[in-house]
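Shared chain: chain A. Partners: chain B in the first complex, chain C in the second.
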Partner chain A sequence: MKKVLKPLILVIVLALVPYVGVTYGKLDYLFAIIVPYAATAILVLGMIWRLIDWLRRPVPFRIPTTCGQEQSLDWIKTNPLECPSNPFMAAMRVLSEVFLFRSLFRNTRAELHSGPKLVYGSHKWLWLGGLAFHWSLLIVVIRHARFFFEAMPFPVQMIETMDSLLDVTVPTLFLTDAVALAAVTFLVLRRLQDEKMRLISLSTDYFPLFLIGAIAAIGVSMRYVTKVNIMPVKALTLSLAHFGFDAPEPIGALFYVHLFLVCVLLAYVPFSKLVHMGAIFLSPTRNLPNDSRAKRHVNPWNPDIKFRTYAEYEDEFREKMKKAGLPVEKQ
Partner chain B sequence: MSNKYALKPEELKKEFEQKKPRIPKGNFAGKDWWDLPVEFRDGNWCFPAKPEVLDDLHFPNPRKWAATDKDWKLPAGWEKTIREGMKDRLKRFRSFKLFMDSCVRCGACADKCHFFLGTGDPKNMPVIRAELVRSVYRKDLTAFAGILTKFSGSRTLTAEVIKEWHMYFNQCTECRRCSVFCPMGIDTAEITMMARELLNLIGVNNNWILAPVANCNRTGNHLGIEPHTFEQNIMSLVDDIEDLTGVTVNPTFNRKGAKILFITPSGDVFGDPGVYTMMGYLLLFHHIGLDYTISTYASEGGNFGMFTSNEMMKKINAKMYHEAKRLGVDWILGGECGHMWRVVHQYMNTMNGPADFLKEPVSPITGTKFTNAKATKMVHIAEFTADLIKNGKLKLDPKRNDHLRTTFHDSCNVARGMGMLEEPRYVLNKVCNVFYEMPENTIREQTFCCGSGSGLNAEEFMDIRMRGGFPRASAVAHVREKHKVDSLVTICAIDRASLPPLMRYWNPGVTVYGLHELVGNALIMNGEKKRTEDLRENPMAGFEEDDDE
Partner chain C sequence: MNKFNQFLVALVAGVAVFVAVGFFLIAGHRGSASLTAADVVAQTPAAVGKGAPVDSAKCIMPVDYMRAHHMQVLDKWRKDSVRKGTRTFVNPEGAHFDKSLNTCMGCHGSNPMFCFMCHEYANVKPTCWNCHLSPMEVPQ
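Coming up: the complex of A and B.
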């Protein structure tokens, strides 16, 4: 399983870089200031470039995948979400994909049974795992906003309170920490367990999972096990939030591993499949209303094509047409 | 039902029994997909276009070759042609670019493809089908991924890759079922269309697609039927109708001043069982006294240009509006067809519109405005008929279809490229009494392709067709066992051509019908004689000659 080991080793090596750098090379400044700024710049500029790059390419045809009844005769019940007839419902459709993974919810699993016949079972694990993974990561990211503000913004505080409902550890256990780790484990295991998934998966599918898994695991261990000193961390993050360049107070090497891996992830986004976070909004099978018979969609490069006109056709077949009694334009 | 191009049904059944419950076939443990060989053999490839067909179309690289040849005689500099062609299409189609970039390989699409379910060939999983192109895209066209070749699954464009593209982009019927399940909305049909455009640039092609394209260009229809023969064929159906019902219907051809131009796939005019659907249309139009005409020039609803390139699709489609304008009709009515309706619904007005010389379609019988077609000005026959029935304009006796126990097959393009699901069901339920749905994962937006769509209905492709049609056949078998269904009703001309052999192979005894054939059976015509047989001259149940009820 070289495909799996290579990205695993890569993540381990990437984790060792700041550890060695900070412990033996005194490269705190590099990993605390320079790398985070560089990574953020790559993420922001990279994603802007990707979006512009996509948006400047035209959408020549209106090609929504219709997954429900279209709007037609007024007594026929339509399915406005799965077959939107206006831009507002198309936007709702995209949001249902982004926030609820609507299409994944349909997932089934096919099996061959005796007969032979095909049987389809409901298979929502991928939907559930994917949803848990993405939502918990989003909440974890929002919770981290506490490091970038002097006083915690109210919405962040609210999310934190909700996230710590299960108050069983000291410090309080965040549900999303557990969910994120479980979900990332599930997503790795499902790629390894199924023969189809093993064949489909590339190293670039495992790499971000290992990277996110490592970031989460180190984050959790800093909070619950090694208990990193939070004061210099907050001083650093506040400084970063204000575009400061002051050298940080000493922080444990583990923190730098966490931070560096986050930076790798940020910089990796625009150049990898992780661009799907932007692409999903643009998918022309989802974000267009199914109204192409009611409203003309314009193709900016609509080519001029010479087709065979009726006149040319009649010229070839005129005698035969006359004989058959078909009307002709010219005698 | 077998020939040298397909296994006997028992042999294929045995293959499935042996690997169940697994779908994939063979052992590929420890291998990467790009290590799996591409093997052309009888039944899994379509004959390439004949040189004269390519000459006719001014397409490149006419030559005699076969997919089983070692050397495909690709033109000099073909690599450059493909690369430039890809770059150009990535620029013109946001869809193509996005679908190259956004796949996360979650695998949701894997077991949604009828070709994967039927062949078990892992490269028929939509995700890998797309990776066949993506791997080249990464290597050649994206700066970073190319550096780490194996890591990112990217590879160099070679003649072997072209063979692989030819194999697997001709084992995709552009049915879009995978795109229903994809969380990113990636549509493999779009990628297949691009790949086929690219392959056509270097003369890697399919005669079953390009010969109809050439015919359609010259004579107006796929079969190359000249105007007088086209007319004669419909007139012979008129005679059949007279024999069966005693009613003389009067279709007109190329008639200026008609209110409506009717266009249907030429398969309805020439193919069995399509002709019975045509008889249904003719009876219907006569019944309501529709002022319509049929064109011998725009005599094809289907558009195999769609399976070739967007330019060819536009060229062939242009005839519809051109003819409607010449004849001065108000609007166009379209017959039952799958990909024709994807073209009409999603492409026609963009490519060849605006159709401002036509009027917004209004049913002359009911006065209903078809506002959903107000720009394209083309109405689907199922919408048209559903509206007639709803308004009580048809005299129907559904008992005349009591000899049929029906189920309905949604055609892919109408379901997933248009969203027309209810109209045909409404009509069907009004013209027959016995109707059962197939399982929900196999109908409506989740419908399974017949296995032969998008120009793959070739005889020499029988093995893949029978495998690709297996999911559909399996669903039919289900309602046959449970409800004794014996009639598969469709609204697609390709289905009417491809499902009969599929049923003979998997479900002998199940017959394929067009929706309007059943409408024709049920219509009580003015001045008709006592009808005892349906349009196929099969006896109807309860209408026997001596029945004196």
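Coming up: the complex of A and C.
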């Protein structure tokens, strides 16, 4: 239980920091200007550092996975997406992973039945929940562009129109708001309800879920229930988008809780499991074409071995070999 | 064809159908909407502006409340007046107001940019003007 409670308490404390700071300490400037810039800098520099670190590591060999038939003889049917033989299909494989979570689609679950009988079955709930979670969060983030642009770009507007398709409640309900909250709840419960999942879940698994859940809950609450004055918010976000340092007009403390938790999330990304948002593109089992049979791949850190050919050997010992009566190739 | 490829095909087909239907719906809607708006402008010029019965020169609620909740007030007023037929709003101070957009426009109609200043700035598109004449469409 400690693994669950510690991150939960941490998120609550993190949420209280800006609330107390803004309400009692008049620290608006710190939480509106300094913390967001610092968090963004940590995110950008941290991700660059992380990616450069990974990109510099040589990956000399292809890792053929057993998901599909590799390109072979003409009469053997290949599976170009699961086992690509060229960079283009490898890119498609990465994109199917990024956009559709292809690997999670393969997820299976082992269950022990009475007998005793071990049964493996397809288990798509994690795939579905993860897909709903990531896509709704992406759309939520894109929708926030309305705060950072003076006029909304057309694609963003289109996404917003699609998102508010139901046209219920005032302000209009965004589907992704509901889906994101439902999905994050599912992902927390998924870790909690199963004994095996509880065992392998760490506090670093729960912390991002609680953090994102808190951010989403506060954002939804600000939109539909506990209102904040949107005019100074827009002024602040526009100023942030233009790298301005103007002190903001008074905004509700709840907004600063939302903003601060987002900043914590941004700064947390490069140093946690959330770095998978960049690392997914570098997965060697996904982004390398499986052409081990067609091409020779030489390990770049092989030591420079000095080979001695038989011709050289014979050159050195030819006379001795002749005297001993051994056959020589060259006279 | 394994399961995932089938899923891919189904997904692409579904998205294609969705986009196509959405495109035709939006395209059709756009055309008809602009047509009716033009008709209304031609038939009833300056229908708003004149002002409905307003009880006082003050707003129905304090400024902060109106800033945060005006959309919910308008939505409730629409439901009350159109569906329930209760057309009178009594605010906490006991003042009476007609539940109508004209009550708002009685004061705020004088500035045709009153709604648009904030809504344009915050990129929020209200649905009011899908049916009602917006102050921008009324010749001043």
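Note that in this section the second predicted complex is superposed on the first by the 293 of 331 C-alpha atoms of A that agree within 3 Å, B and C clash if a C-alpha of one lies under 4 Å from a C-alpha of the other, contacts with A are read in each partner's own complex, and residues count from 1 in each chain.
Here is the rule we use: contacts are C-beta pairs under 8 Å (C-beta built on N, C-alpha and C of every residue); 3 or more make two chains touch, one makes a residue touch a chain.
As the structure is a prediction and not an experimental result, all values here were calculated from the model.
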Check your understanding: When the two structures are laid over each other on chain A, which of chain B and chain C touches more residues of chain A?
Key -> B
**Study point:** First, second, both or neither for A:327, with chain B first and chain C second
**Key:** first
Exercise for review: Identify the partner contact of A:305: answer first if only chain B is touched, second if only chain C is, both if each is, neither if none is.
Suggested key: first
Check your understanding: If you stack the two complexes on chain A, which partner ends up touching A:13: first (chain B), second (chain C), both, or neither?
Key -> neither
Check your understanding: Touching chain B and also chain C: which chain A residues?
Key -> 68, 79, 82
Practice item. Going by the contact rule at the top, pick out the chain C residues touching chain A in the complex. Key: 2-5, 7-8, 11, 22, 64, 67-69, 71-72, 74-75, 118, 121-124, 127
Check your understanding: In the complex formed with chain C, which residues of chain A make contact?
Key -> 68, 79, 81-82, 96, 100, 102, 105, 146-147, 149-152, 162, 167, 170-171, 227-231, 234
Revision key, fill the gap. In their shared complex, chain B is touched by residues of chain A numbered 1, 3, 6-7, 50, 53-55, 57-63, 65-73, 75-77, 79, 82-83, 85, 97, 101, 103-104, 106-118, 120, 126, 130, 194-205, 207, 271, 273, 275-276, 279-280, 282-286, 290-299, 301-303, 305-310, 313-314, 316-317, 320-321, 323-327
Review point. Which part of chain B faces chain A closely enough to touch in the complex?
Key: 13, 16-17, 19-24, 28-33, 90-95, 97-98, 101-108, 110-112, 117, 122, 125, 127-128, 131, 144-145, 148, 150-153, 176, 179-187, 190, 217-220, 226-228, 231-232, 253-256, 296-297, 310-311, 314-316, 318-319, 322-323, 326, 344-347, 349-351, 353-354, 368, 370-376, 378, 383, 386-387, 390, 415-423, 426, 439, 441-442, 445-446, 470-471, 474-475, 477-478
